[in-house]
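Same chain, two partners: subunit A is paired with subunit B first, then with subunit C.
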Partner chain A sequence: MHNSFSPLERFVRGLFLAFMLVWSVGPIFFIVLSSFKRQVDIFVYPPKLIFVPTIDNYLKLATQWNGFFHAMGNSLIVAIGATVLAGIVSFLGGYAYSRYRSRLTSWTAVYMIAVRVLPPIVVTLPLFPVVDRLGLSDTHILLILLYATFWVSLNTMIMKNFFDQIPYELDEAAYVDGATEWQLVTRILIRLTLQGMAAGSIFVFVYAWNEYLFAMIFTTNNAKTAPLILSELMGAIDGTVWGVLFAGVTLQLVPVVLLVTLARRYLIAGLTAGSVKG
Partner chain B sequence: MAEVRLSNIRKLYGKIEIIPSLDLDIDDGEFVVLVGPSGCGKSTLLRMIAGLEPINSGDLMIAGARVNDLSPKERNIAMVFQNYALYPHMTVRENMAFSLRLAKADKATIDGHIGRASEILGLAPLLERLPRQLSGGQRQRVAMGRAIVRDPSVFLFDEPLSNLDAKLRVQMRTEIRSLHDRLKVTTIYVTHDQIEAMTMADKIVVLREGCVEQAGRPMDLYSRPANLFVATFLGSPEMNLLPATRDAAEFDLGEDGKLSGGADFGETGPRDITVGVRPHDIMLKPADQAKLKATVAVVERTGAETVVTCTLPSGRHVCAAMPGQVAVNAGEQVGLGFNPLQLHYFDTGSGKALAA
Partner chain C sequence: MYSRPRLTTWLYLSPLHLLLLAVLTLPSFYVLWLSLNQSTYGTGLTWVGLDNYRTVFADGYFWRAALNTFFVVNGVVYVELVVALALAVLFVSGVPLRGLMFACILMPYAISEVVAVLVWKMMMDPSIGTISRTLELMGFGLLNWSASPTIGLTLVGVINVWMNLPFTFLMIYSGLLAIDTSLYEAAHIDGATRWQRFTRITLPLLVPTLLIALIFRLIFAFRMFSEVWLLTKGGPARMSEVLAVYLYEHGFRYGDFGIAAATGWMMVVGSLLLASVFLLAMQRSMRGA
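Right, the complex of A and B next:
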């Protein structure tokens, strides 16, 4: 990095940053702000930046749309479940792909990537009768399985990259020190691949938390997730209650924003596929 | 402590034979150096002894027991790796304690062992640091510390010094050797550096393409190399080789001249002979006082030594190394003088040494 930008360059950079900021944060800002406005104030032009905040929308959400909170609970169960499941599977998968090379593993790796490239709906819809037969429709388990599966292929490859960066001599040193393979994995490798695990987990969590299509297809009531309720809010019979909708969206945003902010470092590390130093 | 015996050891990677059949005896407390060019199978051999690589056939005995099928942990060996392989997330203390913890040693035992090891290696002030906060030499010491806390019966080293700079390498060489003299644990040390081998070993084993070319005490190998490979591999600068045709006790070097007086292989001995002479056994003389005449091509002076590369009439190069600072310049005509008794003779066909 060098600091010797000319004033023009600095201006252009500033402009670009400002554009990116408005582009990415603008809508969120609008939604969060609007959730604290009275219905009549939301769409006035020019938009009011200064107003008396109200929590009416949140109260209404709680009283008239309390299914939303149940759905949020479902979302949380499903997102955490999928994250944990995908985390365990891709960790072990990444380990296997990195440490046990054979023709079989390289073929399955290609297959996993190939499957990931197909439109998910093509792979998933044929499952519908199977799911029905197994009595899994409208259950948390089903969504957990679906979401985890959807990410396992990519996350396994991310984890493989992390494992590949750990020199094999480290494994050997542990074996010579008397470790079993299980001890090697749990005492050493897990600590050195945490960044990859964190990045992968965020992908899965955010995806599962936001997912709409599969949830709509496979749930009706019991396992219904929050995005479905938000869409119902939009199509309410007495017209869209924008204030309440924005309140719901704001709550829906909170965990995602928190997670991404807290784990920003890992996220970037994961996207650039690891930087474990020996 | 233990002796290590390898008999008929064979190793294949897929269909490729890396080690055809290898025998080696290592005595209790001996410091053995396996040396050979890169890719000759040194690491493979060491990793088989460690239990990190399966052995295709043959017997590996440690302290009298066959250990082919035992895991590394059951062989009671310790290994120091080329890149140290320290656990990056553990402090120096935790790195050293790891094996003892796995063995469920109690805290007092662990502290005792770490205390002793860090005292021997001067690691006490570094115990709470992470590997990335250490210099190369310090990491090297921690890797050795991790090996000695366990009181293993055999130490294995795989090119432990090759990541260090030249100066530190010389220093660690002495340290490792004196550590051995203190602990007297059987040690197998792998390197491609013949100087390391010569200076550290009780016994050198020269390997080439998975075969033992020669094994013995460093000075025995230096003064009586069994073949051309060992002759040129050990010693720096390399031994000069002059292909000759023998007639009784006279060696005809073609246009370069004739040598005689060193050896007589009689009527039955081979006719095509390679004469070897170490650079340190050559003296430069005035051109008219020697049988072999040459032109000085390059003069290298290190202060303690002068290394002169000369060109014989045939275009062949000969290297001479003399102590001190010798007054000689490129382009000069010189004579090459040497004691015939210090010449080495090899059968050109088989490469085997001939007893003079």
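Right, the complex of A and C next:
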């Protein structure tokens, strides 16, 4: 599609794009930049863009705030665990919803989406006493279960859309060659739905890596994740450690920002698999 | 080409439904039970019938929180949809360095609520914040969000839009990609202006996508907790609470799970009502042969 824009239109479009770029990237840029500044330079107004960078904040973080790295490890365990669990569950579910249909399956699918609508804070109330009694409080496994559950509904729908695009003739050919259903699903179809798995995995990983509410209510020590530690440092700030806090925040956000920006193709693929077919 | 479900079909579906049952469905029914009892952190239940609901309805703070939620949700969602639509249209019609620009727009999606609140809090700090000082120099006065619930909630809304715009943009952009470009070419040949093409082709075909994005965002904004909790803790004097914060205060601060559960059950019903349009449409499309 070739659009020819007048100079005025081009100016307005450029202005809007520039604003949206500053709006999106500015705050992140501000954090990362500040993490390399000396304490006295951080709040200088107007902010300095040119300064002598220092890694002091990172050194202090490494030497004084051991808890932060433990929490980063927890975040990684929990995020990977939730991603794998949700991946397996929604892969199997997506296959079933794509190939089999009845009144009952359609209602269970609606139910699957409907429960996803529940606000997370509501389930913290009933789970709180139960989790305690089961000895699951402050464990990785609890967070993994919670995080995976909040994404399996949507990821199952994404996987269903990907399975829908694989012609049924392929299933039939595999059956004619003597494959069992389990072999068909785990050996053949899995390779054709990897894009959908990638999209779903990013959603879960980003959510689990960044989540705050469940981590706050259900972890006290062992399983504390990075966002929680950062929120505590932010609340307890005494005016002397801003730079160190920024260093921690930078370490927390860089991996996941890279993941999202590098894998953006899969995010679009995940969301278009449904809408393309109308 | 669908088959009727067999026994194995339900086996494929069982991990999914076991998770949902254990983590979401059974707990949400237990919330209903909790809301009809008085309890401390969910232990030592005493049946009180509808008393918790009566108490909540008579509580001025509840209504304050409900109103705040209403205003923030509506303020956030419509602004976000319009901006995301404009941005998506811009991207589809071509921008320079598209890949890089796209990556930049997506970045806030990767940021934790904790970090988002931290950075906006910093930039808007009345005495040291870069943006607040710039606004002050421009003559907007001192924006002290910790003293004024209105300004505090406005900042909550700004943070919420900042974090969620990328996802809304992605949804709408994906919807735009699905529109058949030959329609535009035909319209172009027929002499339609760009505005006509937008209002006669793009918008009507985008209605389903926009509706889904709208419902999604309404539901997700409705449960908003972290931004408010981390920014204002509901203050000053509980004036900036939203429903989720009201629930948290009563449940985990005062240990009164009865009141919290009553609030929670109302949030469940509210969310389901918001989602019902979408759910019914979905059931129709998946009913099968």
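In the analysis below, the second predicted complex is superposed on the first by the 267 of 278 C-alpha atoms of A that agree within 3 Å, B and C clash if a C-alpha of one lies under 4 Å from a C-alpha of the other, contacts with A are read in each partner's own complex, and residues count from 1 in each chain.
Keep in mind that, in the parts below, a contact is a pair of C-beta atoms (placed from the backbone, for glycine too) under 8 Å apart; a residue touches a chain by one contact, two chains touch by 3 or more.
Here the structure is a predicted model, which is why all the values come from computation and not from measurement.
Participant: Evaluate whether subunit B and subunit C can sit on subunit A together after superposition, giving fit or clash.
Facilitator: Aligned through their shared chain, the two binders fit side by side on subunit A.
Participant: Any idea whether subunit B or subunit C touches more of subunit A?
Facilitator: C
Participant: Examine A:R191 and indicate which partner it touches, taking first as subunit B and second as subunit C; both and neither are also allowed.
Facilitator: first
Participant: Put simply, what angle do subunit B and subunit C open at subunit A, by C-alpha centres, to the nearest 10°?
Facilitator: 90
Participant: After the superposition on A, what does A:R38 contact: first (subunit B), second (subunit C), both or neither?
Facilitator: neither
Participant: When the two structures are overlaid on chain A, which partner does A:R10 contact: first (subunit B), second (subunit C), both, or neither?
Facilitator: After superposing on A, A:R10 lies clear of both subunit B and subunit C.
Participant: Which partner does A:K48 contact after superposing on A: first (subunit B), second (subunit C), both, neither?
Facilitator: In the superposition, A:K48 contacts neither subunit B nor subunit C.
Participant: Go through the superposed model and pick first if A:V176 touches only subunit B, second if only subunit C, both, or neither.
Facilitator: After superposition on chain A, A:V176 lies in contact with subunit B alone.
Participant: Could you tell me if A:M234 is touching subunit B, subunit C, both of them or neither one (first, second, both, neither)?
Facilitator: second
Participant: Looking at subunit B versus subunit C in the superposed three-chain picture, what is their shortest Cα distance in Å?
Facilitator: 9
Participant: Considering only the contact definition stated at the top, list the common interface residues of subunit A for subunit B and subunit C.
Facilitator: 276, 278
Participant: Mind listing the subunit C positions that touch subunit A in their complex?
Facilitator: Touching subunit A from subunit C are residues 1-6, 8-10, 12-13, 15-17, 19-20, 22-28, 30-31, 34, 41-43, 83, 86-87, 90, 93-95, 101-123, 128, 130, 133, 162, 165-166, 170-171, 173-175, 177-178, 181, 184-185, 194, 209, 219, 222-223, 225-226, 230, 244, 247-248, 251-252, 257, 260-261, 264-265, 267-268, 271-272, 274-275, 278-279, 282-283, 286-289.
Participant: Okay, in this complex, where on subunit A does subunit B touch?
Facilitator: That would be residues 167, 169-170, 172-179, 183, 187-188, 191-192, 276-278 of subunit A.
Participant: Show me the residue ranges of subunit B that touch subunit A in the complex, using the header's touch definition.
Facilitator: 47, 50-52, 71-73, 77-79, 81-83, 85-89, 98-99, 102-103, 131-132, 146, 150
Participant: Give the list of subunit A residues in touch with subunit C in this complex.
Facilitator: Residue list for subunit A touching subunit C: 1, 3, 13, 16-17, 20-21, 23-25, 27-28, 30-31, 43, 45-47, 88-90, 92-93, 95-97, 99-130, 145-146, 148-149, 152-153, 156, 168, 181, 185, 206, 209-213, 217, 227-228, 230-231, 234, 245, 249, 252-253, 256-257, 259-262, 264, 267-268, 271-272, 275-276, 278.
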